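Shared chain: chain A. Partners: chain B in the first complex, chain C in the second.
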Partner chain A sequence: MLKVKIAQNPPHVILALEGELDMATGSILEQVMEQIESRDLVDITFSLDGLNFIDSTGIGQLIGYYKVFAKRDIPVSIDNNNAEIEEILALIGVREIMGVG
Partner chain B sequence: MGSSINQLTMEFPSKAVNIGFARTAVAMFAAQLDFTLDELDEIKIAVSEAVSNSVIHGYKGTEGMITIICAVGEGALEVQIKDEGVGIDDIEKAFEPAFTTAPKERMGLGLVFVKEYMDELIIDSVSGRGTSLIMKKSPCHNKVEV
Partner chain C sequence: MPGRDSNLTELMHEWLKKSVSQSGVQQQGSESKPLGKNGTLAIVNGELVMEKPGPGGKWPTITSSKDGRVGVLYKGKPAERPIVVEDVRDIDFQITQEPPHSSFHVSVSKDNMEVWLKIESAAGIEYDLNDSGPVEDLIAAAREVYRYPPEPIVETEVFAEAERQGIKAELYAEQVVLACARGSSCRTLIGVGIPPKPPVDGRIELACDLKATKILIEDSDRVDLLDRGRINSVEAGEVLGYWHPPVEGKPGTDVFGRTIEPRKPKHASFLVGSGVRLISGGTIAVADIAGRPCFERGRLCVRPELVIYSDVDVGTGNIEFTGDVIVTGNVTESLSVRAGGLAEIKGSVHHANLTAGSSVFIQKNLIGGRVSAGGEIVNHMKIVALLRRIIPEIQSLQKAFLQVRAQPCFSIDDLRLRGDGYLLKLILEMRFANIPNLCQSLQKLLPTGDGVGSKSDLAEVWDILHLASERFVGANPLNIKCVTELDTCLACLEKVCSYLDDFFSTPADIKVYYCQNATLEATGSIVVTGPSVYGCTMTAGSHITITGSCRGGSYFAASSITVNSAGLNETVKTFLSVDEGGVIRARTLHPGTYLAIGRAKLGISEKRRNIELRFEDGRWTQEEWR
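Up next, the complex of A and B:
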C-alpha cells in the first residue's frame, strides 16, 4: 500500500510517500501527480523517509517525473534520510540522475 | 534443492496487486533462516523484480499464472519463479543494464537488482513457452570468505 501526502502545496510542492512504491501502487502516485501537474510549479520534492519498499519500477517512475518536468524547467528532487531506501537509490545511481537530499 | 527441509509453493494470476503479497510471503518464509533484516529486504526486492518481469514482459499485460517455489535447506534459500509467458529471446542481453523491451514501464534494471541482491541466479527460458528464474541466497554469516 502507498500513501501520498501533499506536505507542501504548489508552487514548491513536497510529496511525502509512505508505504511501498512498486508496479502495483504507482497508480496512486500517478493520480496525485495528475492533480498537481497543471498547477503553477516551481519545484517538486519527493520525500521518501516514510517508504519501506521501493523497486526498480518505483524508481523508474520517479525518474520519469524528473524527465517530464525537466522539459518545463521544473526541478524534481528526492529528499531521503532512510538508509534502506538510500542503498537502493545508490545502486541504481539515482544521485547521478536526480538531486538527492 | 536436494535435501530441502521445508518448502512452499504459491500460484497466482499475473496481476500487479499480487507482487507485494509474493515478496512478503517469500521473505516471511526465508525468515526461518538466520537472515538479517537487510538481507530479507534484499530478497523482497529480488522477488519483486522477478515477479514484475513476469507480469510486464512474460505476459505483456495479458493474464497468466505465476508459480513460486521456495525451499530452504543446508542453510540456504532457493526461490524459483516461473511463468508460461513469451519467454526471453536473448538472455545475455536481458542482463545488460538499461536493456528493456518495455521502455515506458521499466528501467531495464530488474535483473541487475536480482543479481546484486542474490548469491546465484539461473535463468532458463524458451521463446514462446515461458521463463524460469532460480535464485539462491545464504545468510551472510554462513558465507565463508576465501
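Up next, the complex of A and C:
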C-alpha cells in the first residue's frame, strides 16, 4: 500500500510517501497530484523516507511529474534518507535532474 | 620574121583585153574565170555520162569513193587520184562486195575459272554504183543493194572446241545455244570452275573498350561539361578478349578440272603484356590487375596507372579510374578525381573532390573540397569509431540496469509484466541519452539502397547494424523484453567491429603540403608537411601529424595527434580529439583549443608548451614532450 500525506500545503508543497510506490499504487499518488496541480505552486518536494519499495513505474511516475512541472517552471525535488532508495535513484539517473528538496 | 612575131604577141594581148572587158569582170591582180561552160560527169542507172566543157571550160574529174568501196579504173588501171575524164570509155568501176561472216572463239580467263564464248558475226552486203547528178568533180559512191544473213554457228562445234581445249567444267548449254542463235557478235560466259571456300582467319575479339574515354551524353541532350566521360578501366579478372582460332578453307576446281587449294588462314596470335593473363588454353585474356586496358607494341596490356599530363579541368572532365591516377598539374574547382588505387597530384587541389582507394599525395596546396583516402573504408572507419563509443555505453547501461534490479527495495513486478525495456528506457533517458544520438549517427553512416549490395558479406553487416542501432532509438527500447537481449546485441556489435577492422589491413594515408578549409579523411594517417593548416576537418584512422600550426577546425585521429602549434585565441576554436587510449602532443597549445581523449574533454584556457597528454585511469596525465 501507499500512503500519500501532504506534509506542506501549496505553494511550497511537500508530499510524504509511505509504503510502496509501484504500478499498483501509483494511482493513489496520481489522485493527490490531481488535487494540487491546479493550485498556485512554487515548488514540490517528494519525501521518500517512508518508502519500502519502489519499482520502475513509480520512478517513471516521479520523472513524469518532474517533466510536467518543469514546463511550468515549478521545480520538483526528492527528499530521501533511505539509502537503498537513494541508490536506485542514483543508478537510474534521477538524481541528475531532480535534486534534494 | 621577128617583126611578125612581135605583131602576133601584140594581137594576142589586145584580144585578151577585149575578152576581159566583155565579161565585165575587173581583173585587179585576182584569178580570171574561164569564159566557156565547164564539163560535168553524172552516173545514171549505173552508167557514167559526161557533158563535155565548152570552149575554155573546165574538164570534169572523177575520184574513187573515200571508203574504198568503189574504185575508179582508168584505162583498166586503178586511179589513185582524181582523173580528168576526156572520154567515159576510158573509165571503169570496181565495186568491192561485203561477204557474210561468222566465227567463234572459246577462251578461258587468266585464273582458269571462267569459260567465255566470243562470237563474231556479220551479214553479207551486195553493193552497186550509186547514181549521181552532173557535177564537175564526181566522187564515185556505192549503194547497198541487198543484205543476206551470215552462216549460223553450230553449238556442237562450240562444245567440241571446248573439249578440244581440255575444258572439263560443265558448260551452260542454254547460254551457248542462245549466243549461237543470236546471229550477231557477242561475248558470253558459258562455264565456271568451283572456287575454293576461303578460310576464316584467326582473330582477336576484344571484350573491353580501348578508347581513352567514353563520352557520356544524358538522355535529355544535356552535357555535363565536367562529366566528360569515364576513363576506360577494368577490374582484375575481367575478360579483355577472346581468341577465335583459324578455320581452314575448302579446295575448289578450275575449268580444266584441276584442284585449287585455298590459301592458308592467318593465325592472329594472342599477344599479351603486363597486367594480362591468358586462361582456358590461351583463348581468353583476363585482366590480372585493375587498370586501363591498352595495346602497347602489339600486346594487350593493363596499365595500373593513369597519368593526366595536364590539369584536371573542364578539358579533361572528371577523372574516374580503377587503378592509380597521377595528375601532373592541378585539380581545379568543382572537378573530381576518383582513383581505385592511389592518387598523386603534382600540383594543387582547389575546391575539388578527391577520392582514392589507397593513399593520396598532394605535393602543393589543398584549398577547400574533400579528400578521402581509403575509399569506402573511410566510412567503415567512421562506423567502427562510433561502435567503439556505443559498445561501452551499452555495457554501462546494462550494468546500471542489473544494479538497479538487484536493489532489495526495488520491485520488479512491473518488469515481469511490461518487460525490462521499460526500466532500460528510463535509464537510457536519464543517464545514457547519448546512446540514441550515437545510434542515429551510425544509421546515417550505414550504406543504403544499391550501395548495400556492393559486397554481399558487408550487406549482412549493415543489416545487423541497422537492427541493433534501431533498438535504442525513440520508443524502441520499450520493446526489449529481457535485458539479456543486450548481451546478444553487444556480441553482434563487437563481432562487426572486429570484422570491419580487418578491412583496415592496408591503411591509406593523406600527405599534403598545405591545407585550408578542406575535409580530409584517411583510414591511415594524415600528414601536413607545410607551415600551416587552417579551418580543416580531418579524420584519420591512425595518426595526424601537422608540422606547422593548426588554427581552427576539427581534427580526429584514432591513435594520436601531433601538432607543432594548435589554436590561436578563444575566437578560433580548434578541436583535437583521439580515441580512448590515444595521445595528443603539441609544442604549443593556445587558448581556444579543445582536447578530447575518448569521452574525456579538456579546454585550454592559457598557452601551454611541449605537452603530451593522455587520459588514463579516469584522469588526465601530462608529460613534457621532448
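Please note the rule applied: the second predicted complex is superposed on the first by the 100 of 101 C-alpha atoms of A that agree within 3 Å, B and C clash if a C-alpha of one lies under 4 Å from a C-alpha of the other, contacts with A are read in each partner's own complex, and residues count from 1 in each chain.
Quick note on the criterion: a residue touches a chain if its C-beta (ideal position, glycine included) is under 8 Å from a C-beta of that chain, and two chains touch if they have at least 3 such contacts.
Please read these numbers as outputs of a predicted model, since none were measured by experiment.
S.K.: Looking at chain A, does chain B or chain C touch a larger number of its residues?
M.R.: After superposition, C is the partner touching more of chain A.
S.K.: Which partner chains sit in contact with A:Asn82 here, chain B, chain C, both or neither? Use first/second/both/neither.
M.R.: second
S.K.: Let me test your reading of the model: by the given contact rule, A:Ile97 touches which partner, first (chain B), second (chain C), both or neither?
M.R.: The second partner, chain C, only.
S.K.: With the two structures laid over each other on chain A, which partner does A:Ser56 touch: chain B (first), chain C (second), both, or neither?
M.R.: Touch status of A:Ser56: both partners.
S.K.: Mind sorting out which residues of chain A both chain B and chain C touch, each in its own complex?
M.R.: Comparing the two interfaces on chain A, one with chain B and one with chain C, the shared residues are 20, 22-24, 53, 55-57, 59-60, 63, 84, 88, 91-92.
S.K.: Contact residues on chain B for chain A in the complex?
M.R.: By the definition above, chain B touches chain A via 16-20, 23, 38, 41, 44-45, 48-49, 52, 55-56, 105-107, 109-110, 112-113, 116.
S.K.: Which stretch or stretches of chain A touch chain B in the complex?
M.R.: 1, 20, 22-25, 53, 55-57, 59-60, 63, 84, 88, 91-92
S.K.: Spell out the part of chain A that touches chain C in their complex, as residue ranges.
M.R.: Residues 20, 22-24, 51-60, 63, 82, 84-85, 87-88, 91-94, 96-97.
S.K.: Considering the complex alone, what residue numbers of chain C touch chain A?
M.R.: 400, 403-404, 407-415, 417-418, 422-423, 426-427, 429-431
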